[in-house]
Amino acid sequence: MLLGKVIGSVWATQKEDGMENLKLLVIQPIDFSGREAGATVIAADRIGAGAGEKVIISRGSPARILFSGKNVPIDAMVVGIVDSYEIADTDE
Amino acid sequence: MLLGKVIGSVWATQKEDGMENLKLLVIQPIDFSGREAGATVIAADRIGAGAGEKVIISRGSPARILFSGKNVPIDAMVVGIVDSYEIADTDE
Amino acid sequence: MLLGKVIGSVWATQKEDGMENLKLLVIQPIDFSGREAGATVIAADRIGAGAGEKVIISRGSPARILFSGKNVPIDAMVVGIVDSYEIADTDE
Amino acid sequence: MLLGKVIGSVWATQKEDGMENLKLLVIQPIDFSGREAGATVIAADRIGAGAGEKVIISRGSPARILFSGKNVPIDAMVVGIVDSYEIADTDE
Amino acid sequence: MLLGKVIGSVWATQKEDGMENLKLLVIQPIDFSGREAGATVIAADRIGAGAGEKVIISRGSPARILFSGKNVPIDAMVVGIVDSYEIADTDE
């Protein structure tokens, strides 16, 4: 999974089957120092992440299994809202 | 998913099983400022995206599940035409 | 999918189950101006693409579904030979 | 798979179905000289990897099959703790 | 698939279910001129590739289907040992 920050939302009226009623967020991948780390990702969200929150994003087919009885053609999903993290000093 | 702009079409007569009657668009990934963000992608489209429109692209096996009764060997699909988006100012 | 040019072939006698009788091509990804766009890919081909031809490559598990009754461990496949393409002038 | 070093942990209270009781580690991909090799990855761990340990990370849907009876939407997993490795001098 | 050179081996005692009795090789991706092309990959090998040999690597879920009756959480596999290749001069 990757760490990201919610920076916005995107809306589409004309869309594929299975995309109805999905909230789509714009996610900026970041590193654990808060710096941007790569291009923005559009991810589906069902857990209510808000702008500015740090989230965990899962990509590829794992993102889709949450809808396993339905054909939802997404490739990225918010799977957690980050409460806290701890980065160890492991340099030798 | 990624944000992209439709910049063209591509045609192939000689093709694999399952590729018949698929409209293939050339997509330029862009960021939310409209700047190019990486190499072009060829994506299947069933929702009628036109040149210059901003679209949402899903990649990998999720793109294929829309054809779940059929073996369609695609790895990218237009899943929405963007109406609008909102980018929050979340800098702290 | 990505656009590529066939630049060669590769042969392996010692190989995994399911790799028998597969033609393996060396593909140089290119952009629609013909410029190289990233590292070469080895892709299976069943539609007879020849050296110098422009092809459409599908990657990941979608590439494999064409052999769905068989366990073929490929991750890239030629799915079309490009006849023509059209890139629109969409700059605003 | 990729080689990585465990550099931390991340916690999320609000999360998707299937993410309960998963230990999530922060992994810094490294090369076999110990140098950083790309952006950090968040990976699930069930084998008890500790901070500073070198681990093998599997990504994508393979990471998920370990939970095959359950819908666990992860895309990265610690699949081994590295005991040792040997890099041959193969330059010709 | 990608072209790589076997440059080493890696061992793990503590590992996930399905990783038992797997030989894990360290692969340096290379281009067809022999130059390094990206970060090393850890791949499972069942066909006996040796240090210095050029191999074909398949990634993602296709790599796993060879073990289809078993849950083997790998994402990269040696699928062929390269005998020879031919790169055409296709510049126009």
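Going in written order, the chains are labelled A, B, C, D and E, and every chain counts its residues from 1.
Definition applied: a residue touches a chain if its C-beta (ideal position, glycine included) is under 8 Å from a C-beta of that chain, and two chains touch if they have at least 3 such contacts.
All values reported here derive from a predicted model rather than from experimental measurement.
Touch-path distance (fewest steps) from chain C to chain D is 2. For the pair chain D and chain E, the distance between C-alpha centroids works out to 19 Å. Computed centre separation for the pair chain B/chain E is 30 angstrom, with centres defined by C-alpha atoms.
For chain A, residues touching at least two other chains, in rising order: 60-61, 63. Chain contact topology: the protein chains form a single closed ring, every chain touching exactly two others. Beginning the circuit at chain A and passing next to chain B, one meets the chains round the ring in the sequence A, B, C, E, D. Residues of chain E touching chain D in their complex: 5-19, 24, 26, 39-43, 51-52, 60-61, 63-64, 71-76. The residues of chain C lying in touch with chain B in their complex are 1-3, 29, 31-32, 37-38, 46-48, 56, 58-63, 65-66, 68, 77-88, 90, 92.
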